[in-house]
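These are the structures, in structure tokens.
In what follows, subunit A forms one complex with subunit B and a second complex with subunit C.
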Partner chain A sequence: MKSIFRLHNRFILSLVLAAVFVWSLFSIQWGTDLFHAGGIPTMLQIFEGLIHPDLSTEVLSLGFESAWITLAYAVAGMSLAIIYAFIIGILASGVLASNKTSIIISKVFFRGILGFTRSIHELIWAWLFVAAVGLSPYAAIFALAIPYGGILGRIFADMLNDVSEQPIKALKSAGATRLQTLIYGYLPLICADMISYTMYRFECAIRSSAIMSFVGLGGLGYQIQLSLADLKYDQVWSYVFFLIGLVLVVDIWSNFVRKGLTERKRRHGFSTGWRSTFFAILLILGSWVYIKLGENAQLFELLSGKNLEYAKKFFGGMIGINDRQPAFLDTGSWAAALKLTLETLEMSIMAIGFATIAAFFTVIPAARNIANGSLTSNKKWYNWFLYGIVRVVYIFSRSVPELVWAMMIIFIFKPGLLPGAVALALHNFGILGKLWAEVIEDMDPRPIRNLAAAGASKIETFFYGILPTVLPRFLTYILYRWEVIMRTTIVVGFVGAGGLGMDFKLAMSFFNYTQITLLLLCYMILVIIADFASESTRKAVK
Partner chain B sequence: MSSKHMIEAKNLTKHFEGKIALSSLSFTIKQGELVALIGPSGAGKTTLLNAIARMAPLSSGDLHLAGQPLSAYKKGKLLAKKIGVIRQQFDLIGPLAVIHNVLAGKLSEWGIGKSLFSLLVPQEKELAIKALERVGLHGKAFEITSTLSGGEQQRVAMARLMVQKPEVILADEPVASLDPARADDILAMLTKIVTEEKQTLITSLHSVEYARKYFTRIIALKNGEIFFDLPTEKVTDDLLAELYQLKSGDMA
Partner chain C sequence: MKKWLSALILVMVVFSLAACGQKDDKAGEGKKEATTNKVFKIGAIPDQNAADLDKGMTAVAKYLSEKTGLKVEFVPSVDYAALVTGFQRGEIHMAWFGGLTSVQARNLVPEAESIVQRPRDAEFHSVFITQSSENFTKLEDLKGKSFTFGSESSTSGHLMPRYYLTEAGIDPNKDFDGKPNFSGSHDTTYKLIESGAFKAGALNEAVWEAAVKEGKVDTNKVKVFYTTPAYFDYNWTVNSNVEDVFGKGTKNKVKEALLSITSEQKEIADLFQTDRFVETKNDNYKKIEMVAKELKIIK
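Take a look at the complex of A and B:
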């Protein structure tokens, strides 16, 4: 029995996951009632705007300005996040700790800090900061820096823990202290991975920075929101294209940096690495100078007596001071919130299910080694054509933040779980497809060619060669994206896409502080469940 | 040859998950000796070297280094001046330039500020360049270490040891992953440098040929015990045949 499970564990696991997805679909009353009366015509109008975006000088100049604000906030936020992640990440890895007890203490304590800061979505941080200190660029910057620092720090710590032991032992036997093994051993060994992961996160930070506008902080998201409110879909798409362009530029830059890191050429003169470093420093300086001078943001004004009073009132309210019946001590509120929690869970499962299906049907043509025929030694003229189309769709899908997708979809669907799930799926399908395609591209082509040479057809090659090889990593990415989706469910809820997020927004609007605390608690429970479920599933696949 | 006792071992014993890895080894190694440790796989060669380098604790026994018990060298920095270790090429930090890997031998003397600054502007550069020249790596100081071949990386590790200048060098299968020509080259260089610097060398090897060719004394381990401990010229083919013979139980 056990051996049967072992033999088919991936298959069984896939079945279980599919069943969970089907279960989540039952949370929706399927029917035409899901659409707004004017939903379909609106969809057509939105689509028309996509084909004819507004390209007037006015919109373009505003687009450039907003794009720069979005970039500047992202850069400033990331620069703080890197500092935070670097310090706390090193402490959380325990490589500086001298004995076993202090290793455990530092791991538990600092990993706990990192875990807490990343479990809350950047938009919620932004909302909390705006509520506490008002509309200041610093609210956006800190809101970005805190969760991104948490994510980066955790990855840095993991990388430090995964460093191979021999070179470190050799350094220790050469008499290096712990600090010296850090700078001569650990850091050089993980430097390349650290930079490439940071670049990847920077791309995400651009999108997050764009949606910061939804709490009232300028940038591309703000323009998108205004145009949507005016029902000017052609302008909406213009700004979305600006956002896609920004993400693409960062993507190209980060590919460039990663390539330079893996090639590891001799360090002679002004290499690509130095150029990128120089450019990065320039960008960071430029962003901070702009925020300081251009937006005239004063860090110390944040700490004015008035703001401190607000912050005190806000956070005091959250822990239930002056509230005779805090929501988080009330059974009725808990029952309602837990129902929303379950709905949010269902929404996230539906979202990853939709994204998986869409990615599954598109991923094969999206792999470069299939397009050029090197994997299957089967060359067809249309392969490159399909490759191009799918890749453009992927870029489009992942460049637009979930929140923006949700804002548009809410014009078509009635508020509820489905629009939220669709919006999350629309954004994540592009990411999942891209990650999967890279898995296929990294495959060892020899066994596949061998199968083809042995006379296997295309479909046989897929099921005998490609699928068994890539399935574990595909599953890993599905689970990983699901964790991310879980964190984002609350955000799509803001615009009326159901779940905890919608209630969160209401609680914010009514200054119902203890209800906010309760919802945040539920949300953290969800994130912990997601982490735990995906971690244990990943172990089962291994 | 000076008669200073570098290493004195008395009844070294090590249990490993209930099995005996080293059983009551005693020997003395004088300054300037070139000792080869040979024996079949699992005889305890690496365990013994790790014990001397204090990388793995002993179950019992006395180990003196330059007249003092090993535990007297409280700080890693002090021990690093006495003992240096070289292994297969896993010891180097791949993404760093060669010169930094060589200068890592100086970390025991440098403070944190100087070590940090050296990553930008290499300190005591001539020392490292000279060491690299002696191991035959002219002009490779600023290459990325991981781009070098296995033999070259092993020489970088040797250059690091020359900068570190320990009194005793422990080498654990230093040529295991190299082809015969390169292995010969590395061992010739290692023994030459050690002799010139009046250091003491203990090397574990799986090739008897190299042991006879380059070393003055051979200690053979078998099942965690000393099988023989003789000057090289007294090691006979019969003894070696017996050392590597399978147990009679295995033959049957």
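Take a look at the complex of A and C:
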């Protein structure tokens, strides 16, 4: 009885999600004028740049330097994020709290902190920090560390809460203190998941680090933006290729680490784990030393009296000191901002909808265990070929920043929500596809092999074998990426894609501080909606 | 595995602590250095090709160093607002601003002064462009059409075009097909019109002329249908802290140096498309300030 009910639940949920997606499509006035052919020559110019990227030594050396800056900021930001996430995450999980009330208090309080820090996109953090403390590498590092710490911390807390109870009970009854159960019980149980998730976030951090430099902090994003503004598409692609290379290296490393975690056999001598640890430490050291010496960053100067005064002025402006008409107390401004909030919501739903559809049709060949036939015991020569193509498309799709996608498609689509959604979908479909493929790779192959052995066709194995097993995790990832997309809409808003992003940029340019506060409040409303929606759907799927 | 995880965390914590300690020592040294070794920093709004801007402004820095004996350095900046913020914080001592950004900067630093401009900046124009197939003749024809400005902080790409549109009875926020776009740069504006993404747009006349001359825009597809009346635009604005930091008379020294530039300084002349600079004063930008206030772009 129960299983039928669960099936129904999932079915209804899928219908609801599909309906929401269809609703979002109605926000666009569909018609032939959405697309205009005049942009095709420009698109061709852009593609020409893709085929003939600028490979002059000048661009290459600048590319290497910028790639290193991007990597160094990402590593430095992540190292702070891990520390922050580790401490706050443990506190937020409540495993150290002694009684019921303190568990609830720590959960609400620390989860609130984590929620607040991750509700604001790193680009906005970067902007706020630059406005408050000036163009310092620390602005970039903190801007990255804060939202990433928030996301990591929340996942760490969830993992700690999901640990199975028996081992913990055993430790407790053996007389272990809370700290001891944490160190010998909880942490060893979740550390594999923690590392694997951190590695994945690290890859994201590289992309964010590139995006963030749009505010002028140096790095690949900065170079991409400069070349785009000068209409030098061949250079744009050279830098994009550097970014792809960087993402690829991290991807390979992360696969290596994940493999080391799942296959528990130790090799002789240096194990994978130790090598990776050594490499990680080297990278972290190198990044910090470079930022300290190469960029001559001074933390002390951040706290100088002058800087504090500017920061005070800036944040004072945000809460409306010396402003007779703060935007956040004005009903007209609220009405306009809420309309933009709705637009942003629609754009994000459309984007995740498009990305889901694209990933759905490509994910099967992208899984390694399908390519090598171990899942379906069905080996075909073209499987590896397909696997290669789809994976390359995924990497390409997710390495090209949303902003670059948006800058390109704005030439052929009528500006508005649709090009924004398409740009976001193009970027996220690669991420979603990769995450889904990993879910399939990690699934138990036995039921599928049984089905295949019983003579089920490919489509049958997919619908009756693979899909039911992976659907809950697929849904989790869809919802989770949707949350991310919602925050990222700000990035495409800059290029005329509408929503809150464009207004945010205008408010920053016109030094209209109270309007910034208002728009940030709107972002928080969106994130609360997203959190609520994904929490309740996750419960429904469980 | 457990071991190496804890080792990783331990090392990271220890290292980050060590890094913090190190930072403080270093910062102390750096601070001393900064006060004894003053650099006169100049900036420019990024409204044209970054490589050209870098080349030309570096030449300006070199020229100013030779003439004034100060150590002058060019600090590139990625957007208009970032330069204004740097100026407000006193980190940029002199900047090549557009009309609007100079007004914004002086709004934030009341003692700052616009000192030098090019002859053409006294009567600058914006052009309104559209596709060749359209037969617009006046601004009123833009009603119900899609439209793009340049950067929102640009005088010639946004502020003055918006002003003349409003004068012609068009409310840019309501009367276009959808909201107006902000392309971010003058070059992107004509590219967008050329591609057909927008029916019309407005940009800096000088950038348009250069694009036509260099063949960067296809004049079979894009044409100018309206040129605005003249207004004051670009200028060199010097920060209020200059006399305090570099000694009395610095402002005049720098001003004289700028005014002595001729077409012999080829790299500078190329960037600014001028053979000389002339004096200007804050009052010249009263109209821009008024327009910006009227359009609620500054308070």
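Quick note on the criterion: the second predicted complex is superposed on the first by the 456 of 542 C-alpha atoms of A that agree within 3 Å, B and C clash if a C-alpha of one lies under 4 Å from a C-alpha of the other, contacts with A are read in each partner's own complex, and residues count from 1 in each chain.
Methods note: a contact is a pair of C-beta atoms (placed from the backbone, for glycine too) under 8 Å apart; a residue touches a chain by one contact, two chains touch by 3 or more.
Keep in mind the model is a prediction, meaning the values are calculated, not measured.
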item: Three-chain arrangement built on subunit A, subunit B and subunit C clash or fit; value: fit
item: Angular separation of subunit B and subunit C about subunit A, which is computed from CA centres of the superposed model and rounded to the nearest 10 °; value: 150
item: Contacts of A:510 with subunit B and subunit C, given as first, second, both or neither; value: second
item: Which of subunit B and subunit C A:523 touches, first, second, both or neither; value: neither
item: Touching partner for A:171 - first (subunit B), second (subunit C), both, neither; value: first
item: Contacts of A:179 with subunit B and subunit C, given as first, second, both or neither; value: first
item: Contact breadth on subunit A, by residue count: subunit C or subunit B; value: C
item: Subunit B versus subunit C as contact partner of A:202, first or second or both or neither; value: neither
item: Touched partner set for A:189, first subunit B, second subunit C, both or neither; value: first
item: Lowest C-alpha to C-alpha distance for subunit C against subunit B (Å); value: 6
item: Footprint overlap on subunit A, where subunit B in one structure and subunit C in the other make contact; value: 188, 191-192, 264
item: Subunit A contact footprint on subunit B (complex, rising order); value: 53, 55, 76-81, 83-85, 87, 90-97, 100, 104-105, 107-110, 112, 115-116, 119, 142-144, 146-147, 157, 160, 164
item: Footprint of subunit B on subunit A - complex, ascending; value: 164, 166-167, 169-177, 179-180, 183-185, 188-189, 191-192, 264, 266-267
item: List of subunit C residues in touch with subunit A within their complex; value: 1-2, 4-5, 7-9, 11-13, 15-16, 19-20, 22-24, 26-28, 30-31, 46, 49-51, 77-82, 84-86, 88-89, 91, 104, 108, 131, 146, 148, 151-153, 178-179, 181-185, 187-188, 191-192, 194-198, 216, 221, 297-299
item: Subunit A - residues contacting subunit C, complex; value: 36-39, 41-42, 79-80, 82-83, 86, 130-131, 134-135, 187-188, 191-192, 194-195, 214-216, 222, 225-226, 229-231, 261, 264, 271, 273-274, 277, 280-281, 284-285, 288, 292, 296, 298-301, 304, 306, 310, 323, 410-416, 494-496, 498, 502, 505-506, 508-512
